[in-house]
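Every chain is named by a letter (A, B and C) in the order it is written, and numbering of its residues begins at 1.
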Amino acid sequence: MTDQPTAFERFVQGILPENPVFRQLLGLCPTLAVTNGMKPALTMACSVAFVLLCANIVISLIRNLLKPHLRIVVFTLTIAAFVTIADRFLAAYFFQMSKTLGPYIPLIIVNCLIICRCEVCASKQSVFTAASDAMGQAIGFGLALSSIAAVREILGTGMFFGIRVLPENWPDWVIMVLPPGAFLTLGLLLGLVNWIELIKSRRAS
Amino acid sequence: MNFFKNSNLAQAWLVLLLATVFGTALAGIQVKLSPVIEANKTRETMEKIPDLVLDTSMATQTATQDLIIQSRVIEIEKNGITKFYPVYDVQQKNGSLAGHVAKARGQGYADKIEVLIGLDAGGNTITGLFILDQKETPGLGNKIVEKTWRDQFINKLSDTPLIVVKSKTGQPNEIDGISGATISSRSVTGIVNTTIADIRPRLLPIPKTEETE
Amino acid sequence: MIYFIDIMLIALTAALINNFVLYYFVGICPFVGVSRKVEMAFGMGMAVTFVISIAAFISWSITTMVLIPGAPLSSFVAGFFLPKEMAANIDLTILSYIVYIFSIASAVQFVEMYVRKFFPMLYSSFGVFLPLITTNCAILFACLTIMSHVVGVENPKDMWDLGRALTLAFFGGIGFTIAIVIMSGIREELELCDIPEPFQGAAITLIIGGILAIAFMGFTGVDSGIRDLLLPETPSQVSAMIQKQPQFSENIISSIEIFGIHMEIQ
């Protein structure tokens, strides 16, 4: 276990260097679907953070009991249970939000991000490392979601968190809050991130 | 064979244990949260009812507790299709009938639109309209939820079907269409027309069977 | 007749209007990952369509037989332990997500074994994609959509039967296939293009996906138009439509503002 990254490294890596959306292209489904406003995007990020943290901690606690060929079953079971909890909780206390997000909350179960973190980190490392890894990845995911949502909400409706930021005569780019806007925004942001990375590596060499 | 069975069980004990633990946890959550979720669902409709039946000024004065709301379902058989309309009859504390609210659904531009229609006693005029659920195009079709557009329906008489027009010519049964969203505005108007035509003959008298709600 | 129209509209909506990939964003991972070659994309699409239909059948059966309150199987079993009224209302829908994901996983597993044993030809064309499908959101999404039309429906007549459920799933899979095949066709041509370096790979795929989504948006409203023509709600509405005949083109063309430019989309 000497070559495994430490808790702090895991935490930092998740935020930018190994950002789940921009670098690893994981969990694209909610990234595109719920980013037409900041509020649904942040709710989604919080739900993913909750499920990721709980699943990582549980898997890390039982990591020594896992049988290799049954591990995926255990991961899925754990994730599905926590997603159900998150879904019920939202329906009980944030009813409107749960209606807006609809099926995308249960779809967290098949979000590759969580199962990937369970496999890569939680099933191998201690609880503390797994928890900090989950936090880092969740923050990275939240950042990615909110950056896309910010672009889409501001350009699409002229508002940010429902508060008007652009002048009244701004012609709303409706396309940005419609499905195509999600693809375009993520595509362009991905290109931007790659471009920055490219410039950095050229400078270094 | 027996040994094989045992080893299978032995391998899966963790999965079974986890399933039991999570199952118990979920049962607990279900028991604790499902009343809250159910209450949310009914509250969504109930909160809107005073606004839809009473004038805005009166609705703010009258709290929900001062009204007696009874629910029933009106069943209509038409062209071989059975339709159900949940109807809420609203009575003042003193027993006078304030009006009715009907919940109706219909096809919109993108998906189903669910609306609440407020009617006065007997269903002669429309007293309010609220869009409960819609998935119309943001920025265009979803302007049907805006109050200024919905308020056009208030005080319309229910004996002539409403029609959507581009520019008003002064007829009493005209509704201004939303530019760029003709279909959405027409769908809502269509739902209102159909619902009123279906349920109006059945609104009065109110059946005395249900005293709950 | 009404049932047939309903089925047809569900099929049309699932395949084109509310395309799984381009409208609901489910199944984006294979859409970006496995869309380099047309044959691969087609194999993936077929595998998804196959599994999605089986998963829909299993999940619909389990939902109606076991999960919903008053389901025959659960109330029968609970009848041994609980008083009659409680047994008839036992609600297991909270377990639905866990049940669905496991029925999908086992469906994938069985399909893989069955196809490998009895249809080696078929297996060689799409077998490699089968294990990937378990985590494909499209399958779970189809199960969830079916669930939303079965659980908590206000009146029992609106509840979806097996025919509707299977139609949604099968044509959802077809829609997925259409989207991913179109995408791979474009990407094959794209190999010959000079794309700026940062945009190569996923970025350009997503941007093309955006343009495809704009194209598919043109289908919106087709279903409500067909429904109005085939199933007129009230006589007054029909006469209103006939009166409006000269302006009929207006109903179909709706204007939309893209990037601040006023555009007419048909």
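As a working rule, a contact is a pair of C-beta atoms (placed from the backbone, for glycine too) under 8 Å apart; a residue touches a chain by one contact, two chains touch by 3 or more.
No experiment lies behind these values; they were computed from the predicted model shown.
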item: Touching chain sets, computed without chain B; value: one piece
item: Best-connected chain pair, where connection means C-beta pairs in contact; value: A-C
item: Middle chain, criterion being Cα centroid separation; value: C
item: Separation of chain B from chain C, taking each centre as the mean of its C-alpha atoms, in whole Å; value: 26
item: Distance between the centres, which are taken as Cα means, of chain B and chain A, whole angstrom; value: 34
item: Rounded Å distance between chain A and chain C, as computed from the means of their C-alpha atoms; value: 23
item: Residues within chain A bordering two or more other chains; value: 73, 77, 81, 84, 88, 172, 174, 178
item: Of all residues in chain B, the ones touching two or more other chains; value: 22, 26, 29-30, 34, 137, 139-140
item: Chain C residues counted as touching two or more neighbouring chains; value: 94-95, 98, 256-257
item: Complex contact set, residues of chain B against chain C; value: 22-23, 26-27, 29-30, 34, 73, 80-82, 84, 86, 106-111, 137, 139-140, 161, 163, 179-183, 186-187, 190, 193-194, 197
item: Contact set on chain A toward chain B in their complex; value: 36, 62, 65-67, 70, 73-74, 77-78, 81, 84-85, 88-89, 91-93, 95, 99, 156-157, 172, 174, 177-178
item: Parts of chain A lying in touch with chain C, wherever the complex brings them together; value: 25, 28-29, 32-33, 73, 76-77, 80-81, 83-84, 87-88, 103, 106-107, 109-112, 115, 171-175, 178-184, 186-188, 190-192, 194-195, 197-198
item: Chain B contact footprint on chain C (complex, rising order); value: 2, 18, 91, 94-95, 98, 154-155, 157, 220-221, 223-224, 227-228, 233-234, 236-237, 240, 250-251, 254-257
item: Residue ranges of chain B touching chain A (in the complex, touch as defined); value: 11-12, 14-15, 18-19, 22, 25-26, 29-30, 33-34, 36-37, 40-41, 44, 133, 137-140
